[in-house]
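Order of writing sets the chain letters: A, B, C and D. Residues in each chain are counted from 1.
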Amino acid sequence: MSMLAATLSSGWFLENAWLIPLIPAIGFVLIILFGKRMPQGGSEVGLVSMAASLAIAIGATVQWIQRVNSASAEGEHALGGFFGFARAIVPTATEEGGHSAAFVEPVVRTWTWWQSGGLEFGVGQHIDGLAIMLLLLVTFISLLVQIYSTEYVSGDRRFTHFFAALTLFSAGMLVMVLAENMIQLILGWEIMGLCSFMLIGHWWEETANSKAALKAFFTVRVGDVGLLVGTAVIFFGANDWAVERGSNGFSIRAISAWALSGEASNSVLFWGGVALFIAAIGKSGQFPLHTWLPDAMAGPTPVSSLLHSSTMVVAGVFLVARVYPVFFVGFDILDTAVNLITIIGGITIIAAAALAFVQDDIKKVLAYSTVSQLGYMMLGLGVGAWLPAVFHIFTHAFFKCALFLAAGSVSHSGSHHSFDMKKDMGGLARKMPVTATTWMISTAALCGIPFFSGFFSKDEIIDNASHNGYQFFYWVGLIGAAMTAAYMTRATYLTFFGKARGAAAGEHHDDHADDHADDHGADHGHDAHGHDDHHDAHAGPHESPWRITAPLVILATLAIFSGYLNAPAVGTHYFTDWVEPVGVAVEADALHSAGDEGHALGLAAVTAEEGGYSEGCGFSDPAEGTVCYAPKLSHAVFSWSKAAPSILLVAFGISISAWLSMGVFGDRRNPLKGLTSRSGIARRGHAFLVNKYYLDHLYEGVIVRAVAYPMAKAAYWINQNILDGIVNGVGRSGRSTGEWVYRNLDQRVVDGAVNASGFIASETGHALQPVQSGKVNQYGALLFGAATVGAIVLILVNI
Amino acid sequence: MNMETITTDNWILTVGTFLPLVGVLLMMFVPASEERTHKQIGIITSAVTAAVGVLTLIRFDFGRSESLQFFVDTEWISVIRSNYTIGLDGISLPLYFLSMIVTLLVMIYTWDNMPDAGNPKSFIMLMLVLQVGMAGSFIAQDLILFFVFFEVVLLPMYFMIGVWGGEQRQYASLKFFLYTMFGSALMLVAFLALFFQTGAESFSFAHLAEAGALIDRDVQIWIFAGMFVGFAVKVPMFPFHTWLPDAHTQAPTQGSVILAAILLKLGTYGFVRIAIPMLPQGAKAWAPVIGILAVIGIIYGALGCLAQTDMKRLIAFSSVAHMGFVMLGISTLTEFGINAALFGMVAHGLITGMLFFIAGSVKHRYHTLEINRLSGMLIQMPRLGWILGFSAMASLGLPGLAGFWGEFPAILSAYNPNFGLDETLYRVLMVIAALGTVLAAAYLLWLYQRTAFGRPNPEFDSHATHAVGAGVNDDHHGADIHDVTPIEWIAWTPFLIAIVVFGVYPQLMFDVMDPAVSALVERVGAGIP
Amino acid sequence: MIASLLAQAWTAPTIDWHAIAPELVLVVGINLVLLVDLWLDEAKKWAMATITGFVLLGAVIPVVTLAVLGGDVRDAIFDGRYVVDEYALILKALFLLVGYVVVLLSQNELEEGGYYQGEFYVLLLVSILGMVMMASSRDLMSVFVALELLSIPAYMMAAWRKRDVRSNEAGAKYYLLGVFASAILLYGMSFLYGTTGTTKLTEIGAALSGDLSAMQVFAVVFVIAGFAFKISAVPFHTWAPDTYEGAPTPVTAFLSVASKAAGFVALLTMLYLGLHGADEVHSPMIWVMAALTMTVGNVVALRQTNIVRMLAYSSVSQGGFILMPLAVMATSAAESALRAVVIYLLIYAFSNLGAFAVIIAVARKTRSGEISSFGGLMSYAPGLGLLMTIFLASLAGIPPLGIWIAKLQAFRALIDAGSTSAYVLAIIAAVNTVIAAGYYMRVLRQIWMAPVPDGDTTPIRPASSIWLALGITAGGTLVLGILPSLVLRFADLPDLTGALGR
Amino acid sequence: MYAVNFLILGALLFALGVFGVIARRNAVMVLMSIELILNAVNVNLIAFALMNDSAEGHVFALYVIAVAAAEVGVGLAMVLMIYRNRRSIALDELSALKG
């Protein structure tokens, strides 16, 4: 331990962060066991447990911040006041300062979980900035969504199970977030998958839902093969190295350190990385395994907002960010012009955004938007912009969750449980002011309008893409931003502006696009979207009750302000300081550290840390006896001039889309047929329709038919028929293969052989029976003949 | 030989193993008409046995789980140098205990789920005899003794399937019997060959594990071949598996549970305990074959499952796949693999046993297991439906449940097998096996979606509503569709709890097994030049 | 030359009365039974069985005393042509015991049939006397005489039901083929005597070594063929199924156990004392016979519908297993081979007699020998069903029931020898155990799983004598299976293998 | 050595007997044939006794003669019995038991 090292502050909350997942887990058990008998059907247990977890998470966050500060304080002490001072005023210097700040040791605690070959493997917590950030995020959003759900699914016949699953999900996610090792990570990962299955299929009376659930679980499971294989590869790559240093090949710290140690074989890292990334693709709905995510919208809206937008789906991104060194070294990030992650991320951004254009189901729009945003995060990690990507997880969670909840609110109170923007929405802004406002704030954030949170995270990614020399993906990012703006504007307009249509206009019709046939099934009082009949009682749209709006407001607020945690534009960089691991080499014996408070290490190394990307962690091997836990990354320096293009593109996207939307959907006559009966209008060619017609024509004919249709429709067609077709085809072919193998191979050949042997034996017996003719003389002949033949043969042989 | 033995409390194994015979004797003198008495005797006997098992757990010195404890070695058949040698170590302890518990729970389940053929007297007597055979196989430390116990199991199971089974019970039972018989006959020849090749001194495991390694390679390969057939049939491994689906499908619930939970383990246990340590070089030569067959079994079993229309038969095929993982683990000859295999044995015993319980209860209620006719189980009997879902999840290896710890380390271990086995081959096997987990998810969830989700099948649904009152069509579908009964709760809860506990804290078992396994692998390594 | 013989002064041989006490007891007993039969009136004929039983048990006593007292081999009498050693004693005991069980079995059969009980028991005793003598014979002549002594009464017993055509046929076939076989045997013996110049087995063994002349090979083959008939080894087995099926069931039991055992005893003595030098002649011959016997017996048994006939084929195939170790008697495995055969004979006697006992008991109710007539036995006669299960499972060689240890021994001997041919035979045998299990299980399937054929479920009440027989046999089957050491000790027979000069 | 002729004689008798046993359908004829074989044996024994100059052969022959007598007695009784029951002693009709 270097003499420069000094004690870091810690605290009860940090040391016992493992309680955060444990509480919801216990909550889950309680709900399952007693939920049905409770007044609130178990929801109270869920809420309480989430609140408790949130409390601990907040405590841990605070203490982590103190820990970081204490470290930097030591740093200042050791290095003279310059950095500390500089951090205050000069933003650019702050960037560097943020890097050369002291290494903050994660709070690691492990307990033996299992052992093999005398090697003990732990379960425990690994608390660093990333973990803290997600702990806070997950507990917080889970709580809000649970509050929201108490209203939204009230009266559902599986109310209790719903909350049980939500709580279990939170537990699983939290387990994964503070996972100390890969096995624990897999544990949380799979539990989330299970809950996703349960919740998507929540209304399993309809085959469509259960099929969607099956598909989601199955697709993700395909990716999980990568997780298993990758873990195995990495384990055996890292284990010996780690065991020498008192750890093992599952420990995430060990893996990171080993990957950066320079002793790791690149092929192992590469293939391990590929395998793990396949898992990430599956979980985070990246191209081409994204098809399950839109289908997952079959689940209740709270589920969509919690699992399938803000938390669970970022697990893949989290995985990559968590063992980033593996990918950094394995894929030569920053050394090669392009790598697997950027490719997948880029494709996902564009493809998903294009698909969002042609959706009529508001949730589907948001689903594709989510996919696209996840693409941004991946892209960020791929181009070496670790922090912006993680920051985007943070901001995206708030506004995307808000958007979903708003959509839910609309369908809950505005459109009689329909999600079809064209059939049942429109002009709801006046009817549901709160919902509309929150929606639009979140949209602004999503589109990346300046001073909304999305701007600070997404633009950082785009900016760093170019900063790190990925020009092509810089443009991909920009185009994606524009498209995002466009489709969100379209959705916004369709939902909240223009003429009210269908249910939004107070009409009742039971042929909803979505699935709740025979709500009032006799033998089971289940109700497809968990709405009691009192919703049907007062006709027409109205604002949702507070249990729905409150979360919306909170989230919307955060959608604005969460960005300022790291807004270079205004010179804040707390997120950087608190979350980003510092890429400096530290003494090796930091690798194994018990639960006690760690130490600020490697200050000596800092001095050698100037000079960009030539050396330092991830670029040159750490000196003997020292290890790195994270690559040394530099950040693009923000400047308005660099931000300008994206701002302009976004503005363009919004305006054109808004203008055209108004033109098309604002049509007072038969608004519902805006898209469908156009040609009919053309044929009639009424004079006073001409302008509209031209406009319509301009939009449909020029823009849409030239841009959206060829691209979006084609993309959509490919998506549905090829990608999705493959996914489903795999299922079908697997089944038919199974039948073929069973019928022909197993029953005919393998089993046939067995039965044949018995048959043969018995038939032989039958063939031998005639010998037993019952005739004495023949017996005698046989007797004597045998003796004689025997005698002759043996004589010939022996003499 | 580094296998030192502990002889304290060495009465405990003998008592625990042969105690059920006392119950059998008692029942002989009770007329068959007194069915309740018989059931009571059965439950009490197995309960006492299980109590002895618990005592064994308490007295077991977990600190030295690699050495044989409660060790007994007395003359038995002196002329052929076979002794009554018994002992328990970390490898056999879990299975030994499991056999007792499973028997007890099956007894309890029998209380009001007696198969249609009736006659609980012989049924329960057979189960008790079965228990003796199973427990004995796990404590035997002498080849001949092991063989005897190994065979004792046959007849009772033959009758359980044949008398209390389904439509084609006679075919299935005979197939089971002859198939196993075939295996064990060749196995016996192999045993004797091993005995004489090691100088015809003793049949005790310890001695053979020491002397067997000195046999020259080719001979070892031949002897291993014999044992391979014997154990592979029991496991069952891919080409020898066809008795299993028939036996499982036709057997009564109790039979299926015991078969899945314990009997199949005799084969894998034999590999770990006998074939591999006694014939290291043979094992090394055969390992790739075993590995390949195992992985074929994984995929093949899964495909078989996808083809099934009968719930029970599907579960049976899933056993083939799961035992494939176990065998893959064993074939790597690594601590990881063998640990995983042992864990997998217990896990598979619990999970598949549970699934068979459920299948039995479903059959009991619906009088059919046709997947197409079952649906909406969650509506008609939510608890049973949830238990089914739970077991299915456990069976597809969901982390946090027991199944995972048998599956994942096995896959992991295949990444670099021991003793210079071909890595490329095994890595291919690893990936295929990992894909097998996807298939597992596929068939189990598909099963779940078809049976539990959706709306109940009208034919049963209508019935469920009427049956409450006037039993008009009660006799038509038998009893009404009711949810889990108290007896079933009693019988199942331990399974469910164990699945969770071992899933959440696997160290409970790894802690016991690992030292023994490490010692074993070390011994094997010593035998391979 | 004759003159020179006469010239020698005749000195009376010293006779070891204790050694031949068992035979004497039997002889006395035979006469006793004959006389009593004369005086006893029909109503009291049942007493005959009891008396016979006592005679047999009485004969056991000296066997025991000999075993306990005389450790040393008693071959003083008849200068080694009639020897009483451990080997002889254990087999004498076996024969007497089997005889006793057969008496128990025949009791009701005869009473009901109203057959000539007295004569029957006399013949039975005579036959047993022949067997007892066979155990001690060490000379071609005494072997031959013993063989005929045990066979000729058996011929008559097989045909005991005078008015039953099938019984006649059984007897006639047995008789004709038997006599033919013994004629062939004799012809072989004559050459054996001619080429070695002696009839004393040990001397023959001494003379018969190294290269054999064609005549000697011929002789050996014919001699073995003669005994092969007795043990009904394929292809000399053809009489067995027909005779077993036709003869009264107790007699079948007797033939399938006792006279088969006697044949094996003779074969053992010949091989170990007389013919061990001619191994390259008899080893392959026995190898082939063993393989054929077990296989043919099994596969044909698979097709049988009559239980007695099925058991007949089963006992043929069992004979194959017993024969199996002798294929390697000329190797280092000689001792374990001998032990295997003796043990097998012992345990097989128990299980097989037990099976027949159950058949007799059941047949008294069902009046049918068809396997299907056992349908649902478990439901109305669980006791008999369970016992039959034990016996058949034992015959199938399932531990821990009797015959498994015997089979184990047989395999053990083969693998002890370790030659390739031995391994091949072992594999064949292994496969055969499975086939055999096939038809044994078919019977058990009837007993446990099939419905009662004619729905008549009146419980069966076997006579006490049958119960006693069942008790003895079941007890033996179980005890010998679980604690084989009890008898295995007796089966170390250095006296006989010692003669091999190894 | 003139004794060889006796052996040839014995062989001829033996062959004759075997032929009879295998070929004749009449039970009595078969019995006679068997007697032929036994006598062939006797001839052999006597011849060998002369060759080896030992008495055992003679004794053996005496035993054979005695036993043969007993056998024939039993045999004829059995033939008689069969004749009573089925009015025929044709062996190939004795085939109720087979298979």
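Annotations for the structure displayed:
By definition in this document, contacts are C-beta pairs under 8 Å (C-beta built on N, C-alpha and C of every residue); 3 or more make two chains touch, one makes a residue touch a chain.
Values in this document were obtained by computation on a predicted structure and should not be read as measured data.
Annotation: C-D is the more contact-rich of the chain pairs A-D and C-D, by number of C-beta pairs in contact.
In terms of Cα centroid distance from the overall Cα mean, chain B ranks first.
Chain A and chain D, compared by their mean Cα positions, are separated by 99 Å.
Rounded to whole angstrom, the centroid-to-centroid distance between chain C and chain D, based on C-alpha atoms, equals 25 Å.
Computed centre separation for the pair chain B/chain C is 43 angstrom, with centres defined by C-alpha atoms. Distance between chain A and chain C, defined via averaged C-alpha coordinates, is recorded as 80 Å. Shared interface positions of chain A, defined as residues touching 2 or more other chains, are 758, 769, 772, 774, 776, 780, 784. Residue positions of chain D with contacts to 2 or more other chains are 21, 30, 91, 94-99.
Residue positions 178 of chain B each touch two or more of the other chains. Under the touch rule stated earlier, the contacting chain pairs are A-B, A-C, A-D, B-C, C-D. Interface of chain C with chain D (complex): residues 1, 5, 140-141, 144-145, 148, 152, 155-156, 159, 162-163, 165-166, 168-173, 175-176, 179-180, 183-184, 186-187, 189-191, 193-194, 197-199, 241-243, 245-246, 303. Here chain A touches chain B in the complex through residues 112-118, 183, 186-187, 189-191, 194, 197, 201, 204-205, 207, 210-211, 213-214, 217-218, 221-222, 224-225, 228-229, 231-233, 235-236, 521, 523-524, 731, 734-735, 737-743, 745-746, 750-751, 754, 758, going by the rule given at the top. Interface of chain C with chain B (complex): residues 339, 378-379, 382, 389, 393, 396, 398-400, 404-405, 408-409, 411-412, 415-416, 418, 423, 426-427, 430-431, 433-434, 437-438, 441-442, 444-445, 448-449, 483-485, 488-489, 491-492. Chain B contributes residues 175, 178-179, 239, 241-243, 300, 302-308, 334-336, 339-340, 376, 378-379, 393, 398-400, 404-405, 408-409, 411-412, 414-416, 430-431, 434-435, 437-439, 441-443, 445-446, 449, 452-456, 461, 465, 505-507, 510-511, 514-515, 517-518, 521 to its touches with chain A in the complex.
Residues 7, 10, 14, 17, 21, 27, 30-31, 34, 37-38, 40-41, 44-45, 47-48, 51-57, 59-60, 63-64, 67, 70-71, 74-75, 77-79, 81-82, 85-86, 91, 94-99 of chain D are the ones that touch chain C when the two sit in their complex.
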